[in-house]
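Below: a set of structures, written as structure tokens.
Two complexes are shown next, each including subunit A; its partner changes from subunit B in the first to subunit C in the second.
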Partner chain A sequence: MIRFSDVSFTYDGAERPTLVHVDLTVGEGELCVVVGPTGSGKTTLLRAVNGLVPHFTGGRLSGGVTVDGRSTREFPPRELADVVGMVGQNPAASFVTDTVEDELAYTMENLGLAPDVMRRRVEDVLDLLGLHELRDRPLATLSGGQQQRVAIGAVLTASPRVLVLDEPTSALDPAAAEEVLASLTRLVHDLGLTVLLAEHRLERVLPFADSVVLVPGDGSPLVVGPAVEVMADSPVAPPLVDLGRLAGWDPLPLSVRDARRMAGPLRARLDGDRPAAAVPPRGDLAASLTSVSVAYGEVTALDAVDLGFRTGEIVAVMGRNGSGKSTLLSQLAGVRPPSSGRVVVGGTDPVTLAPRELVSRVGLVPQDAGVLLYGESVGEECASADHDTGLEPGTTAAMLERVLPGLPSDRHPRDLSEGQRLALALAVVLAPAPPLLLLDEPTRGLDYPGKARLVRLLAELAGAGHAVVMATHDVELVAQVATRAVVLADGEVVADGPARDVVCHSPVFAPQVAKVLAPDLWLTVDEVRTALLGEPVRG
Partner chain B sequence: MAGAASRTTNPILLLLIGVVVAYVVAARRSSAPWSRSIVVFLRLGLIVVVFRVVLVIIFGNRLPGHVLFTLPHVPLPSWAKGVSIGGPVTAEAILQAVVQGLRLAVVLLCFGAANSLASPYRLLRCLPAVLYEAGVAITVSLAFAPELVVSIGDVRDARRLRGRPVRGFAGLRGMAVPVLESAFDRSLQLASSMDARGYGRRVPMSRGARRWASGSTAIGLLLVVGGVYGVLVAGSLPGGGVPFVAVGAVLVGVGLGTGGRRTNRTRYRPDPWGMPEWLVAASGLVVVACMVTAGLLGAPGLQFVVYPLGPPTLPILAAVGILVGLAPSWVAPIDRRGGAPFDRVPVRTGRVVPAGPGSRVDVVAPGSPTADEGSTGSGPADPAGVVVSTSVPSHLLRPSPASRPATSRPATSGVRPGGTAR
Partner chain C sequence: MADRVRSARVIRLRPRASVLLVVTSMVGVVAFCWPLLLHGTSSTDLAHSGDAPWIFLAVLPLLLAVVLSELAEGSLDAKAIALLGILAACGAALRVPSPGVAGFEPVFFLLIPAGRVLGRGFGFVLGALTIVVSALITGGVGPWLPFQMFGAAWMGFGAGCLPPAKGKAELGLLAAYAAVAGILYGTLLNLWFWPFGAGTTTSFSFVPGAGFAHNLHSFVFFDLTTSLGFDIPRALTNALLVLVLGRPVLNALRRASRRAAFDVPVIHEPATDPAIDPATDPATDPATGPATGPVGAGTP
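Let's look at the complex of A and B:
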């Protein structure tokens, strides 16, 4: 269905090619997952499928790409719209119209379908993706998960043979992600739709994958094969695969269900060992919210929330899309005043602080880290951050070296990958060493090595007496690093306690290891490894 | 209404127009995000009035009359003779400035109202196929303005988080680049998305037909331009230029029509154009017609004169004409699209919401499937409300349904089973 033959691609002005001699065939009805480190060219590979690379982006492409027998050399993206449905990383930026129903019909209008056909397909897709209650809503009022579903629906109405998705679940909460993936699997199984998707959160997509394409990103050839084979020695692997390798399971389990069947002996070996209950850090109160309510128009984003954050704590704020997580963070950062209640950070109300004082007390990395960056190059960005906050020149650059080593300083921030941008923004925010650090979805677009670096960094920061509050959907990140978890629902706090208890007792938020080894409260592969090797379990 | 406003300087008439427009908007706007644009335009109008008055006070339109107060006169070099700074300020001058400002403000308000009542995307649906692509370019650029406001807010927040000034000149300078950059970025993303979704697909067309289309359009346009010149400059062309305009217009029409066949696009649920729509359009025309007639008849009071100083008179015909503009507030169909900003208010099953004669009449579905089940008593009675995500869209099962005639409209607008039980 999709065939790449000896494809190499170089962006205009780039020194080295992004794709080198790629040969790849994806058969009809296959669900193929593209994995690889941050910045390895996964997005470029996906965009080459419908010809956006190179027709839209420019650059030099050699070799040939054919989809359903049509070559992208002869057919520009618009002529492939009835064959390939493309959903980008940021669905909100791809919306052309302004209400859900019009957006679903847009591609069909361009294809010139008869009005009654359009009407029927729109209804079908509304039901398929559970969007029927949103049909008249303006797109701007939808939550992230709803937008993602509308974006998928908008390409599905054209009934393409191939669906290409770039990180379809990275912005979604675990439940919404399951839902999207389940509908994708159904399209693959029942209709023979070919799906090619890139995703960093492998733990979510691997159970559904038929084949995996590993893009190493260092110029070495792609590794293509059935999911189990590629995963056996892939440098990027979800916790489940790590656990399988640790326990020596063969074949490697890719779903929790398979793993539980094999996990009997492991559970028996671990019997008696228990992860030590973490001692909750008893630091000073770094920030507090006292019955804080925030309303946007008629919608209550936060409803009488009382929370305190202590130094040394890493607090994960979880909850479904639109439950008020980001609002909570923006309150702590003093972006806008609450409708009622009191926010105190380091003894003062953050809204009243001048920008310069604010950054030395609280640092917020927003969901789209790119908005923090507007220098011409990485080096300039670091220099101006030093200048703005009155730091020793070179502090930010040194911090960047710790967060993500080896980022070329002459690169423009816009040309960085999502993960590299996040690293840069993190360095800029961390440089003045604010006692309170706020992170909104820090692992969006981050690969496993990047995540591991982030985990180490956060643990170090907490050890040095910073309070860290992060809003996240990434349960594996919470399992690895959080000391406390807060669950929000409709702007109210519904759970607040040690991360292990909160996370393991929720079917939605439990990490893979906990699911496999339930009812014991193991969270990470590292804990299991230490227990097996007979070393004292760390807290 | 804007046309009417630009024809008068009578403050009473202007205020009347403003009130009528505001009332229509209040009665008929939906709660979609674009509905708030009238507020922005209202503010802009007020700024215009104030700015105008301040300008008159400082630079002066030195009308003789009742002197209110005198500013110190700043002598200017002789080459700036026409301009004066300071000097006596008269009541007449200020009044004139207020009225002129008011006229501009009311015109702005009318545009704001149009923006509030219909999203630009809906207006796009009424365009003929040939002009569609030009229309998309315009609406996308119209959407650019609100995007810009949002992105200014984002950049302000981000700058604050970076510890940079957000106010004053330094703040403004630092913000311009990132705001424009993000707007540019967004345009690129939008363009690539539109490309990937088939915007601008062409139907293959013979070379001759293409040449005929562009040739006839070009020649037609030339004829129209020449003809208009003939109309304006009497005696320069035989027949006063009118035949040229006519022939030119026909040629342009043919050219656009042929060209339009190249774009093969259809429209999803086009807006019906029925009695209410005719009435709305007609009421607007009546307003302008009354104004123009009043002007032609030389009705006193249409132009407000500051000499002698006194209350303006009220031209009856024009005032009545403006009041006709109120008509849309009850004849216009209620805009259900865009709906409530968050979940639609659940309406009881089976209740029919009349939306005015000639427009769509829908049965509003209940807010949640559980409520519906509760009313019917038995579970699987509801074909659409229950989560159907386990089924697969039928069009995906059959690869090329475009060629098949559709059977009937899907069951969104049918009375629900069991719904009438309540």
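Let's look at the complex of A and C:
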């Protein structure tokens, strides 16, 4: 269906080619996952499928790309629109109209289809993606997952044979991401669509993937093959695959179910071993909430919450969307006074602090990290952050180098990927070294190396006496770094305790390793490795 | 960076389009200036002087259409059309609240940075298009329309012809240009309006056949007394807008232009070796090492 034959591509003015001698064939009805670190050329590869590379971007392409027998050399992107549908990271960026139904019909209007065909296809797509209840809704009122499903629907109305998705869940929270991925697998299985998908959340998609393309990004050739084979020595891998490699399972399990069935011997080997119980940090009280309630109109977001956060703690706040996680963070950041109760951060009420005073005590990285960034370039952003908080020039840039090395300083913040933008916002917030650090969904759009860097950074910060509170759905992040977990439901605290106990005993929040090795309370592959090999690897 | 000072050429002026643009512009100049140029010595000239504005009115839109289509021929890709559409819509929206409000006409404020960043061909088309779109929105379609189109098109074209400058100097240059161009635009449109607007009896009326000097004198008098009080505030507000808001607008346009990669050539070539030399990099040599993976390469 998609065939790359000896394709190399060099952007105009670039020193090195982005794609080097790529040979790739994706068969009809295949779900092919493209993995690789940020900036490795995944997007370039995907955009070459419908000819945006090189027709839109310019540059030098050698070799040939054909889709459904059409070569992108002869067919510009507009003449491939009925064969290839393309969906990007941020659905809102692709919307042209205001309501769901109009957006679905817009593609077909451009293709000049007859009204009765358009009508029928809109109905079909509404049903396929479960959007019929939203048909008259304004796009701006939809949740992220719903918006992304509409964006997918808008390309599906052209009835393409191939769907190309560039990190469609990067800008979404995990629940929405799961919703989108579920829709996608349904399309593959029910319609036989060929799907090429770049994705960071491998643990969700790998069980459904027919093949995997690994883009190493260091100039070495692409690795293409069935998911099980490529994953066997891929540098980017979900915890499940890491565990499988550690235990030497063959074939490598890609779903918890497969792994669980193979894990009997491993469980027996680990019997008696217990992960070293972490000593709960007993620092000073950095922040506290005393019977805090917050109401937005009729809705109670927080209901008489009592919580204290100590220095050296990394607290994960978990719970479904709308359970009050973000409200809790905004209370600690002094965004608005509580309806009742008392918030104390570093001995004072954060609402009363002047902004400059506030940023040196509390740092909040919001879910949409882009709202913190308004400079013209990465370098300017860092410089103005130094200036605003009265720091030594270069502090923020140095912090950015720790969070994400090698981000070009002349890049416009809006031209960054979600993960890069998050790294920049993190650097801006972390530079003044606030004693209390608040993170809202900090791993959105981060690749595995990015997550690993974040984990190291958070552990360092906690070790240096910062208190970290993060609202997250990412159970693997919680497993790796959190010392304590708080579960919220309908604005109330329903669980609060050491992360291991809270997380492992919940079917919803348990990480992959815990699910495979239950009933023992193992959280991460590193812990298992330490137990098996008898040496601490983490550090 | 090179594109900091040089404008992109989103719409290329190829030789035929250039010639057409020059010829059309000359006709445009005549259309504006005929009251001054007319030397009424023979009676036939005078007899037709009443027809002149109507002839120009019929000819100008046709000529503009020819130029626009020639400019668009082959060199307008989807990216340029998208940018043109958005900027024309923004310009038209800026024009909606403006007529009559103390010379505040911010439409040119967008046109000038756009011409500067995206080139003179783009500036010309954008100027003409903005006026048409705004006329359709405000219901301002009338005999003045082609003349306004010409005025705005020249303004956009001129902005694309300004010399290179950077930083504050660039803003100053654009602000000065905005002021001068604003006054010129007002004066030109007065020139079109003058033969009808000033009646036939006042001391600053157009007198057919009275000679260049007399009519120029009358016109300058007309211009000074009637509309300079309107044109000068407009020129100043536009210059001020450029100074205050020019930088972010220029940056936004430059970023859009850079992202759209207008000037970047698209090259297709048969499969050959790209930048890496196979002799020094055997891993990527098609002869010795296949680019596909070691296992399951090229799944069927």
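Observations, loosely collected:
Note that in this section the second predicted complex is superposed on the first by the 382 of 539 C-alpha atoms of A that agree within 3 Å, B and C clash if a C-alpha of one lies under 4 Å from a C-alpha of the other, contacts with A are read in each partner's own complex, and residues count from 1 in each chain.
Just so it is clear, a residue touches a chain if its C-beta (ideal position, glycine included) is under 8 Å from a C-beta of that chain, and two chains touch if they have at least 3 such contacts.
Note that the structure is a prediction, hence the values are computed from the model and not measured.
Once the two complexes are laid over each other on the shared chain, residue contacts for A:Phe56 go to subunit B and to subunit C alike.
Counting residues of subunit A touched by each partner, subunit B versus subunit C, the larger count belongs to B. By the touch criterion stated above, A:Ser323 is placed in contact with neither subunit B nor subunit C.
Of the two partner chains, subunit B and subunit C are each touched by A:Arg78.
In the superposition on chain A, A:Gln148 makes contact with neither subunit B nor subunit C. After overlaying the two complexes on the shared chain, residue contacts for A:Glu133 are found with subunit B alone; subunit C is out of touch. After overlaying the two complexes on the shared chain, residue contacts for A:Arg356 are found with subunit B alone; subunit C is out of touch.
Once the two complexes are laid over each other on the shared chain, residue contacts for A:Val20 go to subunit C alone; subunit B is not touched. Touch criterion met: A:Ser159 reaches subunit B, while subunit C stays clear of it.
Within the superposed three-chain model, A:Leu214 lies in touch with subunit C and out of touch with subunit B [touch as defined at top]. Common to the subunit B and subunit C interfaces on subunit A are residues 55-56, 78, 414. Interface residues of subunit A, counted against subunit C in their complex, comprise 5-10, 12, 15-17, 20-27, 30, 54-64, 73, 78, 210-211, 214, 219-226, 229-230, 376, 412, 414-415.
Within the complex formed with subunit A, the residues of subunit C that make contact are 78-79, 251, 255, 259-261, 263-276, 283-284, 286, 289-300. Taken in their complex, subunit B has these residues touching subunit A: 32-34, 119, 121, 140, 143, 154-155, 157-166, 177-178, 181-182, 185-186, 189-201, 264-270, 336-339, 341-344, 365, 367-368, 384, 387-397, 399, 401-402, 404-406, 409-410, 412.
The residues of subunit A lying in touch with subunit B in their complex are 50, 52, 55-56, 76-79, 81-82, 84, 86, 88, 90, 93-99, 101-102, 105-125, 127-130, 132-133, 136-138, 140-141, 154-156, 158-159, 179, 182-183, 186-187, 190-191, 193, 297-299, 330, 333, 335, 355-356, 358-360, 363-364, 366, 371-372, 374, 385, 388-389, 414, 428-429, 432.
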